[in-house]
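As written, the chain order gives the labels A, B, C and D, with residue 1 at the start of each chain.
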Amino acid sequence: MEIGFVGLGKMGTGMARNLIRAGHQLTVYNRTPEKAESLRGDGATVADSPANAARGTQAVFTMLADDHALAHVTFGEHGIAAGLQKGAVHISCSTISTHLARRVMDEHTERGQVMISAPVFGRPEAAEAKRLIVVPAGEHRTLERLQPLFDAIGRRTFVAGDQPWKANALKLCGNFMIASMLEAFSESFAVVRKSGMDHHIFLEIMKELFGSPVYANYGSIIADEKFEPAFELKLGLKDVRLALDAAMEVAAPMPFASIVRDQLISAIANGQEGLDWSSIALVSARNAGLPTREAAQKSGARA
Amino acid sequence: MEIGFVGLGKMGTGMARNLIRAGHQLTVYNRTPEKAESLRGDGATVADSPANAARGTQAVFTMLADDHALAHVTFGEHGIAAGLQKGAVHISCSTISTHLARRVMDEHTERGQVMISAPVFGRPEAAEAKRLIVVPAGEHRTLERLQPLFDAIGRRTFVAGDQPWKANALKLCGNFMIASMLEAFSESFAVVRKSGMDHHIFLEIMKELFGSPVYANYGSIIADEKFEPAFELKLGLKDVRLALDAAMEVAAPMPFASIVRDQLISAIANGQEGLDWSSIALVSARNAGLPTREAAQKSGARA
Amino acid sequence: MEIGFVGLGKMGTGMARNLIRAGHQLTVYNRTPEKAESLRGDGATVADSPANAARGTQAVFTMLADDHALAHVTFGEHGIAAGLQKGAVHISCSTISTHLARRVMDEHTERGQVMISAPVFGRPEAAEAKRLIVVPAGEHRTLERLQPLFDAIGRRTFVAGDQPWKANALKLCGNFMIASMLEAFSESFAVVRKSGMDHHIFLEIMKELFGSPVYANYGSIIADEKFEPAFELKLGLKDVRLALDAAMEVAAPMPFASIVRDQLISAIANGQEGLDWSSIALVSARNAGLPTREAAQKSGARA
Amino acid sequence: MEIGFVGLGKMGTGMARNLIRAGHQLTVYNRTPEKAESLRGDGATVADSPANAARGTQAVFTMLADDHALAHVTFGEHGIAAGLQKGAVHISCSTISTHLARRVMDEHTERGQVMISAPVFGRPEAAEAKRLIVVPAGEHRTLERLQPLFDAIGRRTFVAGDQPWKANALKLCGNFMIASMLEAFSESFAVVRKSGMDHHIFLEIMKELFGSPVYANYGSIIADEKFEPAFELKLGLKDVRLALDAAMEVAAPMPFASIVRDQLISAIANGQEGLDWSSIALVSARNAGLPTREAAQKSGARA
C-alpha cells in the first residue's frame, strides 16, 4: 500500500520502519526534517508538508506528541485533510483528547475522507520491535481492511468500537493505569526506605507477586532512580489531564487520576519536566523528607 | 518438627495442611473448634488453648484476622507466650500492625522465646496449593533454620530484614499495591462504561498490557461484579488503615492509600462490609451514577 | 458615562440597575431579549447585538456564565470588539479562565481598545444591594478613571495588578476558598449525623467559631438541604476546573481543588447539575450511606 | 466550689486562672511542677498527684495534650479516678479520641463517679481572656449544675448531647474545619504567588469576603510565614487523625481530612514538627517549587 506517515519521534520512527519492512511504500513528513531524512535510507520518500505526505496515499498515519501538534498537521492549507484523497484514511495513533478526535473526524467526514483512531501501547523499544498493542476504533470495514497495517506495527489488535474517540478514551485510561502503578510504587518505596529497608527487596516481592513485566521494568527504573526520559513527565501530565477531561465529559470522578495530576504538577514545579514520568517517585520521596539522587546531584553540582 | 498452629481460617487451614503434608507433627488450635476438628483427619492433634497448641513445640504459627485476634491468642494465661518453651519460635503470619509486631516480639524476648514475622501473599487457593509468597523477618539464624517450613507453605521466600516488624510493613505496602490496582481498575471501568463501551474490552487490553495474573484475576472479578468474599472488604480496610499507620510512624504520606481508605469506608457505609474488597469498584460506579448489579439485585429483592 | 452592559442574568441585572441608579446611561444586550426589556423601564436602551451595545460607549461591562458565552459576545462581526470605539474599555466581570482573559485582552489591544478584568464576589442579592466585592486588574490609570463605576456596583474594590488575567486567577482562587468551606461542612455534617447528633448544633458552634456570615449562610443552606440554585452546581464545577487550569499553568498543585472537582462531578453524575453548588454535601451524605431529603423526594415521587 | 485542675499547659493555665477569678477553690496538678507553682500565687493549692488534685473536690478539670496524657492522669493508683469521691465529676476538656472518652466514662461510671466531656475552642489567648467556646456533653442535670464553671472559662456554651464522646466528635470536626481553611489558604497562596502576585492582596479580599476573625488571623500568620507555635503541628496531625478515626467508627469518609493528614505528615517529614500547624502552608509552597522563608533561614544557617 501507498502510505503516508507524519510524526517521526521516538515512537513514530520505529512504527514507520516496520511499515517499510512489511513491504509498504512510505512517504514521510516530520517538522524537523533530519528525522525524516534518516528514513530515506530505509526506502521512504520525504515530503515537505503533511498535505504532501498524505497526497496520493490510501492511508496516512499520524504519531504526534499532543493535541496541538496533531491539529497543526491536520488542519489548514498544508494539512493532511487538504492533501488526502476522497475515501482515503487518516490513521491517528497519537494520544490525544477525545475532543480533538471528534473534531478531526468531523473534518475528514466533511471532505469524504475516513478517520480512525488507533492509539498504541508500548515504549519506543516496543515500537521498534513491532511489539505494540494497537487499539483501533472506527468503521468496521475500514478496520478490517487496515488489519495488515496494524499487524505490521504491533503484536496484538483490540478493536475499541465504531467511533474513533472511544479508542482515545481507552488509551487515556490505559495510561492512567500505568501512572497509578507508578504512584503506588512511589508511595510504597518511600515508606519502605523510611522504615530502614532496602526498597529493592520490596521490588523483588512485587515482581513475584504481580508477575508483570511492566511492574518489573518501571519498578526497577524507580528503585534505581534512572529517570532518563523514555516518556517525558510533561507528556505524562498531559495524558492524565486528558483522562480527567474525558472522564468529566461523561461525568465520572477519578480521584486517583487527580492525585497523579497533582503529583506530576509538583514534579514540574520542582524541575522534572524533562525527566521520565516515572520520576513522579521523587515527589513522594521529597514529601517523605528522603534524600534523592537528583538532590544529591544538584548539591554535588553546586559544591 | 513439632509444630503448633493457631488460626484455621481460609488461609490457615491450607497452610497447616501443607505443613502436615511436609511431614511435620501439628498441634492446632482454633477459636471455633469445628475447623480444628477437620484437620484431625489429616493427622493433627487438637489443643484446647493457644498455650497448649504452643506447649512442647519448636515453633508455633499464627494466622489470624487482625491485631485483636493475634493479641488475644498471644498474651494472657492461656496465650502462646505462656505455653511456649524457651528458645522456641513464634512465627507470626498474620497481616498486623507494625506496632503489635513490636509488642509481641518484646513479650517473647522477655520470656527467652523468639519471635519472627512471616506474612504471606496469596489468596486461599494459593495457601492450599503451596503457592504463597513468604516474607519473613527476624534473627538471621532462626530464619535459616525455619526455611524448610517456609518451603512447605510457599513458592518463594523473601527475607525482609532482621527486625520482625519490617516484614509487616512490607506486607502492608504489598497489600496497598493490590488495593491501588483495584481502585485504578474501578475508576477506569466507570469511565469506559459511561463512554458507552463494554468494559471487558478494556480488561482484555490491560491483561495484554500488564501481562499479570493478578490483573487478569481481579480485573475479571470487577468486570463481572462477582464479589463473593475471598478477602472481605472490612479486612481490606483494616490493612489500608494499618499501612497508613505504619507510614505515619515513619513520616511518609500516602495519598493513594488515603483515597483507598475513603472509598472502602464509603463501601462499608453502603452495606458492602462482607463483600470481597474488589467491590470497592461499586463506589466508583455509584459516584459515576452507574447502575450496578448490586443495586439491581436489591431493587429486585424489593419488588 | 455612556455605558454598555452585556449579560443580564441574576448577577448582571442587579449590577446594571445599580449603574443606572448611579446616573449612567446604559445600553444593554442579552441573548434572551426579555431580560433586557425588563431594564427598559429603569431607563436603559436595548441593543440588538453586543456590538451595538458597545458602540458609542466609553465602557462596556460583560457578565456572562462562562468562557464560551464571553467569547461569543466578544469576537466576531457582531461582537463587542467590532463595535467598541478606540480607547474605550471592555470591563469583563465574568468568572472566566485566565487563558480567555489573555485572548480577550489581545483582541482589544490589537484594535486600540482597552480591556480590564473586574470579577466580583457576591451572590445575586449582593449584586442587587450594591454589596459586591470588586477585584479589577489592568492599566493603573484606567482603573482610577473607572473607580466610580466600581463604587456604583460594589462595597469595596481591591486592585489585583496591572495584568487583567491576574484578577481572574484571584477570583478563581476565591471561589475555591468558598467551595472548600462547602466540602468541609459536608464532611463534618456527615460525621456528626452518623454519630447520632443533630448537625444544627455543629452549625451553631461553627457560626460562633468562625464568626463569618458566609459560614452562617452556606452552613444553614446545607444543614437544611435547601438547594434551590442561587449558583448552579455546574457553574461551580466550571470554576473549580478553571482554578485547577490556572494553577497548572503556573505549576502549583491543588489537592483540595481536585477533591472538590471529583465531588462535583459525582454530584452531576447523580442528577444535581441544576441544584445549588452547596448540594455538593449530598455526595458526602451518600458516600456515608445517609438518607437525604433528595432521595426521600425521589422515592416519594416513585411511590 | 472545690475544684481540681490537672494539666497546666498554655490552655490549662488560662482556664485555671479564670476559675480562681470566679471565686472557686482550686487544687492543681501538673506533671512538670513549675507550672503548678506559678498558680500558687493566684491562690491555688498544689497537689503532688492527679489523685490528690481530685480528692475532696466536687469537680476536677483535665486539659491535656493527647490521649496518652489523659489516660495517664486518669487511670492507675495515682490517677483521678482513684482520688475522686462518689458523685463528683471529671470534666474532660482535652481534645481526645471518642474511643478514650468512652473508656474514661466507663471507668468513672463503675466507680459511681460522673464524667462529662467539655472540649473547648480557642487559642491560648482566648483561654486567658475567658473567650473560649465550651462544648459539653453528658448528663443533663450535671451540665446544668456545672454551667457556672463553663461561664467562668468561656464566652458561650453549646450542649452537644447526653453522651460525653459526642462532644469529642464535634470538637474533632471543628478542628478539621479550621485545618481545612488552613489548607485552602495554603493552596490559594501558592497559586497567587506563582502567578506573580503579592498574596497579601488575596488575603485582604478573603478577609472582606468571609468577614471572619479566624480567616483574618490565620490568613495573616500564613501570609507572613510567622509559624511560632501557638498550636503545634504535631498536635494538629493528632487531631486530624482522631477525626478520621471517629469518622471511620461511624463509616463516613472524609477526603479533605485525608489530604490534610498527608500534608501534615509531609510537614513533619520535613522538620516542621514543632512549628505552628498553620505551617502546613509550607508543604503547598514546596510542592509548587516556591522559595520559603524557612528554606531561606536554613540555607542562611548553613552558609
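Odds and ends about this structure:
By our rule, a contact is a pair of C-beta atoms (placed from the backbone, for glycine too) under 8 Å apart; a residue touches a chain by one contact, two chains touch by 3 or more.
Here the structure is a predicted model, which means the values were calculated and not measured.
Considering the contact criterion stated above, the chains in touch with chain C and with chain D alike are A, B.
Summarising the inter-chain layout, the chain whose CA centre lies farthest from the centre of chain C is B. For the pair chain B and chain C, the distance between C-alpha centroids works out to 51 Å. Annotation: 37 Å between the Cα-based centres of chain A and chain B.
Taken residue by residue, chain A touches two or more other chains at 194, 247, 251-255, 259, 262-263, 266, 269, 287-289, whereas all remaining positions touch fewer. Residues of chain D touching chain B in their complex: 237, 241, 247-248, 251-255, 258-259, 261-263, 265-266, 268-269. Contact residues on chain A toward chain D in their complex (touch as defined above): 194, 255, 262, 266, 269-271, 283, 286-290.
Here chain C touches chain D in the complex through residues 98, 121, 133, 135, 156, 158-161, 166, 169-170, 173-174, 176-178, 180-181, 183-185, 187-188, 190-192, 194-197, 201-202, 204-206, 208-215, 243, 246-247, 250-257, 259, 262-263, 284, 287-289, going by the rule given at the top.
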